[in-house]
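The data blocks that follow each hold one structure.
Note that chain A is present in both complexes that follow, paired respectively with chain B and with chain C.
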Partner chain A sequence: MALASRTHRASRGLLPDQRAELMLGALVCAVLLFVLLLVVFVFKEAWPSFDHNGFGWFGPGGNPDQQVQEIYTSANLLRRPVYTFHAWPIIWGTLLTTLGAVTLSFVSALFVSVFVVEFAPEAIKRILEPVVRLLASVPSVIFGLLGVLILVPFIGNHVITDGNRRSVAYIVSLSGYSLLAGVLILSLMIAPLMIAVFSDGLRAVPRGWLEGSLGLGINRWRTFWKIGVRTARPALVAGTVLATARALGETVMLAMVTGGVSFAPNPADGLIFFVEPTRPLAATILQTAEELTSEPMRHTIFAMAAVLLFSAAMLSLAGWAAKQPMKRYGVRA
Partner chain B sequence: MGGEAADEAVWGAGVSTVAPPPPTAPPPAPAPARRSARDSSASWRWTDRLGLAFAWFLGLTFLAVTAAIVIYMMVQGIRYVRPELFVTHPAAGVTERESGGFLDPLLGTVIVALMAMAIAFPLGLSIGVWLSEFGRPSWLARVTESTIEMLAGSPSIVFALFGTLIFEQGALAFLSRTNDGVVYGRSFFAAAAMLSLIALPLIVANVREGLQAIPGHVREASYAVGKTRIATTRRVLLPAARPSVVTGAMLGVGRIIGDTAIIVILLGATLRFTEAGDVPLLGTLKGTGSTLTTFVYANAPTGEINQPEKAFAAGFVLLSMVLALNFAVDVAARRGRRWS
Partner chain C sequence: MARRTKAILGGLMLLAVLIAGPASAQAATVFGSGSSAMQPYFEVLAAAYKKVDPSTKLVYTANNGNAGAKDVQDGKSAFAFQTRPPLPSDSGLSYSKLFLDGLCVAVNPGNVLNNLKISQVRDVFLGNVTEWQALGSNLRSPISAFGRNSTAGLYTFFQSAVLGGLTQATNVTQLDKDGEVAVALSRNPAGIGYVGLANSGPGSGVKRLKLEGQPCQASAIKTLKYPLSRYGWIVLPASKPNKAATRFGDWIRTSYAAGKIIAKAGAVPAFNAKHPPKKKAKKK
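Let's turn to the complex of A and B:
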């Protein structure tokens, strides 16, 4: 490239090139401007909601579903718009689904990618690689459909007992639409992403390092676990960050299987905790999007979107930071 | 980093045909007839054997689960797909028999994919070319890269909300239905514009990767015979990078037809096409409609219509489209040229 740009400088007099560069550059700037506009507009629309609630927006207090109702109807009556919104149950639901799914799929993706890269027989390797890509491209609504028709009834009929139902009957009704269903399906959805990035990182481990360890008489598993996985740590971080971003933004599947009430699952309930319903941020936006016509409601919905956008940007930053050491090994993940 | 890199990685096997080979070749495999003692796990410590067993177990489980999903969808699909579903409009009905087919959603998916790609492909191609071949000033290139990555990592529901905001502006009233001066803001135009944002990062990443995999001497040879930079890009580099470009485009299409959130919010949730205005084609595009994803969403037990058989049939068609795209990506990548 360095040589190429020198060539370019030599041919500065040529008009078509300059014209092309200017046009492409202008197009790039236009797209950048559009994205800037997006960010600015989302935060501008979100501001009134944050402004009225302060940090209480993120805190607990009341039932968000009722608050949403209040906010929505306050626009129709001739009175001051209501903005009171405490999103903690929704944020808690987001944290639980995201972290649960990321933890679950991190462990399985790590073992699967070690298997794919190092231990799988050639035949299985040849099947697994396309399968990973295939699973990554299945639309989330299909996962949602399968969850609603298979996993949710299964949890409702076989995991939740009548005793469980009675014990929390006065707080929340257990139907199978649950945190557990959301986490299980979500981890299946983000695992392919992790496996792909992890495998790329593991493949890029210098072969000589592994050979050196093997030459010392260390067995293959320990060699790969101690040298390979450790060397690929930046790839593990990058893949996890990517998967977290995907899990955070997952909307439709979670809206379908997690129950659609803004309930904060309570760890004090013991094992029932896992089968309690919840509703993460993105799903909440989807289900309240019909209420965008109400002015205060629109600000509230955009506030939720702004939280998502901010988290996604932060994750993007974290991923960038994690990727820096990987450049040493020439990995482009 | 954003999902762009992820998708790049997910599709890595497809793209890697144009990437340079890894710096160190894997060592020659031991002769299959005689396994060395090191390969047998009989002498390992039990923790190591447990780890290996766990890796095998998870690998096979992963395979089994995926196979189960695909086979289940295929079986259900074949049970419920009937030819007339493809040619009848959705109708309001209480039973599966009355509610019609998914002609409109199917057409909607095609329209949305075409329109969104019509926006995303030229844009993505230009940005990819600019990043790879020009990229000056370098700070602008860095900003562009991180912006594209941020776009890839952002939830699509945020784009959908932003779409409702801009397409409700009076200046864009000609792109959707207007009622007493109130702009409805939901139309095929709105949905396609926002869907192009989720396809853009995939296209940019693949175009750029394809161009960067072409060695410098190819460019130099072209400059040496007097071609300008842009002519080189158009006549030499882009044709050489065609497999990557095609891969990116098809990944983008796959992402577009699989998206639900943007469609639910920006296409208005009417299962049939609802025209706005009298002009035949333009009226449809200005109006609301549905795609296969929203059809599945509405027909799932959690949706408004709740007719799972229809949902399975439409889901089967959708999954088949995605599988076909996947296969096409593989073929395109395999036909790619190796630079060595």
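Let's turn to the complex of A and C:
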């Protein structure tokens, strides 16, 4: 192939298909270059913030909301720029919402997709699949509105008691805008994505493997669990990675329902922990982006963006690494 | 083929005329941004202004007052609406008063509380008082305080007028928009929050409190007796402001028609003409 193309090029210019090949190659290179530039730009903009705070950037210390105000007013009033920023409550909030939602939706999505692929009657299957796909494409702001109007007041008025409120009244307000609201809606948003990928993986399990097991007299449930789900593990990993990435980057909905306070929910508070407010990274970027014109604030915002970008990259890498040992047995996903 | 080419050419020319037409009539779209508490006023005023000057199209993005002022500094917006007086950081901007507005402290309609002192409001939003009982309400539950995040012009105003420059406590739930605070209060029996006049009126599902005995209403705001009375400002670049935006600002500030609309929308006209003589500008 390579030899042939070389002789052609030598004799009479490029053939149309070779031209297309070159164009596509150039396009791919452009995309790669774009990603590279993006990463370089974000990290360059983020550097002053990391430089001033060192590893303390990721640690606890003070109230980030107050720090944000000090950072951007320092530039407004032509004083020396302030960079002090300790993002732990925000990072902790991101971890909690993401892990909570992924765990919750992984379990439910796994059962739903097993049901859809193997056990559901044809009629239900025909309705369920398009509905799930539709659900996966609902814009997040709609979920945010539902959260603000229904779920948040419900949690505030029926889940949280006055006793709960009183126990932490001097530190945070338990108003329903909470970690729990964020996690519940976020799971609703990412579960359809997981279901779609999981079911594709489960459907790709070779029929013969399942039939072999059934032929040995093993019941349907056990067969599907031990062979179907195991074989589809790479698809489970792929779906989880995709869904986690969406959860990590979810912004508008979380900004609307998690309470907007950079507070680190404390597991030592017992069950109240779940209804404490928080604010993840992406929502913090959204709410502080209005101060982008202030230079130290811009660097701080880009530092948060860099952390998000880095987490997303690590996530893909972890997904790839997790799939490696499964590759030999499983179906591809 | 020829016919198709002609059709395409014709279409292109039509498009060019459509695009160039309004521009040559020196009336492009005028972009503004700023306070979300001012947005309800902007909407009714802009709708009425269409009849006054049909060639000007006004577009407003509510991205909070301080951000709007920066947009004007950067030339991204032709004008901004702001809810606080100018600060040293507002270099290169000219602020003009438009009309009077009040920042209301509001609660859920189920709350029997009617009046608060400024010092009590300060205590609530600094986290010193957390029980409704301490404020004299019938509620036996802790207070759920709602406020705005630190980039909002309303917050800056509240911070200087009530909190004495201190940061609001962590136990205040911070929301993104003025209307979101009103929604939260309407659904939370133990809620208290600060909301602009327009978003706390009848039908908003919240109850305004008197402050220092003064109601959050036009009559008390007009005379500046209400403690949280404040002007709504239009922010323009100090040099070479957009003419259409300047005209829009002047119309809001001075015209009789705008005064009526402002009063109807819930704010208080301050400088608008009081005639046509038969009907006085709404005083209420």
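Methods note: the second predicted complex is superposed on the first by the 285 of 333 C-alpha atoms of A that agree within 3 Å, B and C clash if a C-alpha of one lies under 4 Å from a C-alpha of the other, contacts with A are read in each partner's own complex, and residues count from 1 in each chain.
Everything that follows uses one rule, which is that a contact is a pair of C-beta atoms (placed from the backbone, for glycine too) under 8 Å apart; a residue touches a chain by one contact, two chains touch by 3 or more.
All values reported here derive from a predicted model rather than from experimental measurement.
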| item | value |
| --- | --- |
| Which of chain B and chain C A:Gly208 touches, first, second, both or neither | first |
| Which of chain B and chain C A:Asp65 touches, first, second, both or neither | second |
| First, second, both or neither for A:Val148, with chain B first and chain C second | both |
| Partner chain(s) touched by A:Trp320 [first = chain B, second = chain C, both, neither] | first |
| Touched chain A residues, chain B compared with chain C | B |
| Chain B versus chain C as contact partner of A:Leu104, first or second or both or neither | neither |
| Contacts of A:Gly156 with chain B and chain C, given as first, second, both or neither | second |
| Chain B versus chain C as contact partner of A:Gly260, first or second or both or neither | both |
| Contacts of A:Ala169 with chain B and chain C, given as first, second, both or neither | second |
| Contact residues of chain A, present in both the chain B and the chain C interface | 148-149, 255-256, 260 |
| Chain C residues within the chain A interface of the complex | 63-64, 66-67, 70, 73-74, 87-89, 127, 130-131, 140-146, 149-151, 167, 170-176, 180, 183-184, 187-191 |
| In the complex with chain A, residue positions of chain B that touch it | 1-3, 5-14, 22-27, 38-39, 41, 43-45, 48-49, 51-52, 54-56, 58-63, 65-67, 69-70, 72-73, 123, 126-127, 129-131, 134, 136, 140, 143-144, 146-147, 149-151, 153-162, 164-166, 200, 216, 219-220, 223, 228-231, 254, 257-261, 264-265, 293, 296-297, 300-302, 308, 311-312, 315, 318-319, 322-323, 325-326, 330 |
| Residues on chain A engaged by chain B in the complex (per definition of touch) | 1, 3-4, 7-8, 11, 14, 16-17, 20-21, 24-25, 27-29, 31-32, 35, 38, 41-42, 45, 108, 111-112, 114-116, 119-120, 124, 127-142, 144-146, 148-150, 188, 191-193, 195-197, 199-200, 203-204, 206-208, 211, 214, 219-222, 225, 238-239, 241-243, 245-246, 248-252, 255-257, 260, 282, 285-286, 289, 292, 301-302, 305, 308-309, 312-313, 315-316, 319-320, 323, 330, 332-333 |
| Residues of chain A touching chain C in the complex | 63, 65-66, 68-69, 72-73, 76-78, 148-149, 152-153, 156-157, 162, 165-166, 168-177, 255-256, 259-261, 263, 277, 287-288, 290-291, 293 |
